[in-house]
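In what follows, chain A forms one complex with chain B and a second complex with chain C.
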Partner chain A sequence: MTRTIANLVTVSALALSVALGAGAAQAKEFLLGSELPLTGSLARVGQGMHEGIAVAIDMANKSYAGKHSFKVQTIDDETSPAKGVAAVEKLAGDGVVAITGGYGSNIIGPASEAAQKAGLVYITSGGVSPELTQRGYPTFFRINNTDGYALAMIGLIQEMGAKKVSIVYLNKDATSSLAKQVNTALTAKGVTVGMHEFDGSTSDFKPLMNKVKLQDRPDVIAMVGYENDYVGILRASKVLKPQVKAMVGVWSLATAQMAKEFPDLMENVYGTSMLPYPVEFTQPEAVEFAATYKKLFNKDPDYLGQFGYVQTRLLIDAVVRADEAGTLGKGGLPDELRKTDANTLIGRVTFDKNGDNLNFTHRMGQHQGGKVVLVWPQDAANGKMNFPAVPW
Partner chain B sequence: MLELTLQALFSGLLAGGYYATVAVGLALVFGTMRVINLAHGELVLLAAYVAYAAETNYGVNPVMAIPVALVIVGTASAIVYALLSRIHQDREINSLILTFGLGIILTNAILSIWAADIHSTSDPWFQDSMVIADTLFAMNAEVAAFVGGLVLMAGVWWWLNHSWQGRAVRALSSNRAAATLMGVNPRKIEILSFLIAALLATFAGFAIYTGKTVFPALGHVLTVKAFIITVLAGMGSIPGVLIGAIMIGVIESLTVTYLSASLQELAGMILFLVVLFVSPSGLFGGGRALAR
Partner chain C sequence: MTTTLLNRIVLIAALAIAYVGIPILFGGNAYVLGLIVAALTIAGVAVAWALLGNLGGMVSFGHAAFFGVGSYTSAVLAMKLGVPVFAAMLLGGVGAAVSSVAMLPALRLRGPYFALAILAYAHIFQILATEMTPVTGGAGGLLSIPRFPTVLGFDFGEKLGGYLIVLTIVVLAAFAYDAIRRSTWGLALKAMHDTEVATRVVGVPSTHLKAAMLVLSAFITGVVGAFNAHFISFLDPDYAFSSGWTVLPIAAAIFGGYRTVWGPVVGALAIYLVDQLLFKPILPHGHQMILGVLLCAMILFSPGGLMPALRRRTVKESRHAHA
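Entry: the complex of A and B
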């Protein structure tokens, strides 16, 4: 009897180990590549996206546990287009299945071209310039675009009933495109618009804002730039005190980080924001995202992490589908990505033939008492806007 | 139109003050050692981050952080000097490569310690506005930086002209061999110059932290601006640095006001090229420029 039981245990153990072994043999590890500015002038945004990518990998490894596993190899492009290309070529040489990342349209342009030449999918949320998708590369995908940001900014300004608007914008690809799009749309609706371009090296905005104050005399000042530019513009405005009703910006402005670092400048300022702050998540995926983000980085997620997560998660799901269909090594990944139709943390995502997500629309948030309150569109709002109101 | 012009001139003057405080340390070291310290901007940035750390972690007013920053930046500056002094061949080109590399190391150290976020003082006094005759507007931080920078530069100028060590610096700058024969210890004078440059870098870092924003990639930008001003001034000229910096500040500000803000850097570079075309040694250049 004892011998029989011992035999049964041995056979069971053998069967179990064979089963586990077979399971392990079926599990595949996929290596993704990531090219991002982790140093240089775009380090802040690059690191934000990098965190979102790490969260996507962590969550995918849990949800596909036992079936597939995922790793990411990241190369710093140092905020340089040439190094972005070199990074993509290195990742291609190391056998990554696709690339997620990229920040700055001027870097993403040549880097995604290198990916196209290597036959690799390149998915991003860091470059909104229209030219990127107009190239028609079959391997290029992005989940956001200028149109989504412009619609949000135009929508809010129209709701404010502004008659005169000054747009102060950075002279880079993405920022210029967005500013011109907002200008065209507002002008068509009868709004008087003053356009003021500035260079990235500008640190004193007083001469520029004095021109806006004395010559334009706008109802609203629209800012299109990055964190550093917003701080400069808002500081100059706080000193000069132009008679405006609102200060409106786009990305990197209505964030928890800006509320924390510059509380005296941010009150009543508007910016694009998918989430209110403190973050309120209700969907299960979003709750898990926030918990994982908190676990990995000990802070609340911001919009950069959110975009980095969504683009990477969509890519991972497409990689799995292509692998299951047996087309992953045969150039089937772009087709699988193009079949994407998902409700994500940034809304519905589908890709057109150029890889653009035409569903993308942003929301507008306003800094109110150290919080970011969503104020536009009405169906997404979790509070009312303070209007007219400025930080000074 | 008059209001715009006056504000442009005033803003340009204050911006020039910032540029000068950053550039004068670079000019001093060049005057003494004939070495362009390409890590100078990163030393300025290091001082700014020390002020940030003191304010954030200990709630200390950035002004109170200056002595601590001075010790840290002085130490870093002494290390740069120690490494530079080991170069015996092709000093000009090899020192450029060395200090460029040290600048990258410092930038990445700052990035690792303090991350890539932008920072500035949270003390509201520095951002409060100062209005002169209802026409000229500035932040308290800008005016304080301008006045403080002027005082420091005047002090350095006095030191160079009226102290024994200052005269030794000028002598070394003028003729190293002759100065050594006259009893000047070149190593002592050179390290003294580096320490004075560290003092200037510390003040510049404090001024930038209180009046602008700081982020890890800023150091390189500051070095380039300081280098342009040093060359424009005439390599090693302290008064030339102030005048050159104000010229750059004013031309940039006027360009923003009357042309476009995106052309301001270009306007500064055109001024730079015109001055060099007319006077290849810079505004106050020449054989013994340090005290002029």
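Entry: the complex of A and C
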């Protein structure tokens, strides 16, 4: 009897050790690549996305603890297309399973082409140019696009009931295409739209804003540019005081940083924002995201970090699924990523055959007393919009 | 052994390494080969810039204009008119040379005035590229520019093919530079540097010669720009006319020795590859600073650049050996 029990214990112990051994053999470390502008003119936005990627890696290592672990190898593309390509090639040579990152359509274009050549998935939230997805690369994915920004701006302006709108836009690819999209949509709805293009080297916006003030006399001024442009436009507007009901912008405007650095210019100004500031999260994933962000960087997350996190988390989940299906090493990751249907911090994400997320719609926030309050759409709003209201 | 013979042996050895050694060593390493291609692209512009400075006596701050015009001409011809890529690349050089004709009035200016005038021209061409949206794609630029084709089974669209093309462009540009320098034109241009009025008195057509150097320099830069457009497969005005296409070649030429033919090539390879392969891994976010310090040190300790410094050392060693 004793011998039988001893045998049973031995066999059980062996079975357990084999099972544990098998489990340990399945645990893998996955190396992701990240190509980002950490220096040069896009350094600030690149850094924001970089932080989001780091949060995604940290959270994935916790949620897959004991099963898998993840690392990211980051290369600075120095805001240069050629160095972006070189970075992707270096990452491919170092054996990364996929690439997350990229900022600026002009860098993402050639960099993602290099990834396509190397057979690597390239996922981003830093390039909204329609041409990127029109190429039809099976390895290219992005979670946001111009349409989502345009829908938010159009939706807010419509809710304001504006009859005349002046669109002041930078003559770059992403900004021009967004401005034209807003123009077409508003014109179709009977709104009178004035289009005013400016060059990236413009520092004095007073002549342009004077033209808007005297010639267009709009209800709303829509700004499509980047941080420096918004500051220039708002400074000029504060001097000229056009009789408008609202100043509306898009990306990089309704942020905590702008609220802190330019409190005199930002009050009542609108911009796209996924998050209010101070951040208010209710979903468990979002709460963990904010806590991890705070732990790693000692600050509240911003929208760049949020996008960087979402794209990387979706990639990690697809990597794990492809690995479990045994297709990761056989080029199965793009197909697995294309199967994604997830409710994320930026809303639902699915990918079409070109890798675009057609569900993407942004939200609009308004600077109110040093905070950013989400005001559009209604179901995402955490406050009421001050309307009509301008910074001066 | 005479210095000329030694120079020839060194040159033949360097070309053998470039055409045979590098493909064997790095043919399978797309990353390193890509960096060498980028360095040679800068080297091509650096040679053209040094040619204009040394032979034409003009300091240009606007070579990005020729680079941009060449790249756009070639890309548009290949994309919209279906011109074969190699022909389009040469026509890109022609386009840049034609654009330089618009700058001929600036030849009346000297020194910093010429430099500033040519810088202004560069900005004008950038604005034109941004505004001519139906042709150039405007601010959005051109994506998926046709790559180099496969010829006799060899794919020039791949990294190795691109390397061989840009290497050949740089080598031919340097040979052309050297040939002009040794010709009677070169003698006349050299004399012009000492006193332009005196050379005019003895019948040297100084304005024509300067114009010829400007056109040739623009042609070389345009071909390099065209190569880059088909290699990277992307263009937008900010990138094509970036001041980087002027500043980096100038830094490379000065580092390598802009008064020598091969100095700009050596300089471009040195600063780009050392920066990317050595300094960047050590200091990912501040590596350019080390490069700046190195450039300052070179200017202070060997104002003529790297090539003259190496030559002095070789001559010293040779004397010691003879002694």
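Keep in mind that, in the parts below, the second predicted complex is superposed on the first by the 367 of 392 C-alpha atoms of A that agree within 3 Å, B and C clash if a C-alpha of one lies under 4 Å from a C-alpha of the other, contacts with A are read in each partner's own complex, and residues count from 1 in each chain.
The working rule: contacts are C-beta pairs under 8 Å (C-beta built on N, C-alpha and C of every residue); 3 or more make two chains touch, one makes a residue touch a chain.
All of these numbers come straight from a predicted model, not from anything done at the bench.
Trainee: Mind checking the superposed model to see whether chain B and chain C fit together on chain A or clash?
Mentor: clash
Trainee: By the touch definition at the top of the document, which applies to A:Gly232: first (chain B), second (chain C), both, or neither?
Mentor: Only chain B; A:Gly232 stays clear of chain C.
Trainee: Does chain B (first) or chain C (second) touch A:Leu208, or do both, or does neither?
Mentor: first
Trainee: Should A:Lys172 be classified as contacting the first partner (chain B), the second (chain C), both, or neither?
Mentor: second
Trainee: Please tell me which partner, chain B or chain C, touches more residues of chain A.
Mentor: Here the partner covering more residues of chain A is B.
Trainee: Going by the contact rule set out at the top, does A:Thr39 touch chain B (first), chain C (second), both, or neither?
Mentor: A:Thr39 contacts both chain B and chain C.
Trainee: Just chain B (first), just chain C (second), both, or neither: which does A:Asp77 touch?
Mentor: The answer is neither, since A:Asp77 touches no partner chain.
Trainee: Is A:Asp219 in contact with chain B, with chain C, with both, or with neither (first, second, both, neither)?
Mentor: neither
Trainee: Residues on chain A in contact with chain B in one complex and with chain C in the other?
Mentor: The answer is residues 38-39, 171, 199 of chain A.
Trainee: Okay, in this complex, where on chain A does chain C touch?
Mentor: 38-39, 75-76, 80-83, 85-86, 89-90, 92-93, 105-106, 109-110, 113, 118, 129, 131-132, 135, 171-173, 175-177, 199-200
Trainee: Can you check the complex and tell me which residues of chain A touch chain B?
Mentor: 38-41, 43-44, 46-47, 79, 171, 196-199, 201-208, 210-211, 214-215, 227-228, 231-232, 235, 238-241, 257, 261-265
Trainee: In the complex formed with chain A, which residues of chain C make contact?
Mentor: Touch residues, chain C against chain A: 29-31, 34-35, 38, 41, 127, 130, 138-141, 143-144, 228, 232-234, 236, 238-239, 244, 276, 280, 284-285, 288.
Trainee: Using the touch definition from the top, list the residues of chain B that touch chain A in their complex.
Mentor: 3-4, 7-8, 11-12, 14-15, 107-108, 111, 115-120, 122, 124, 127, 129, 137-139, 212-213, 215-217, 221, 253-254, 256-257, 260-265
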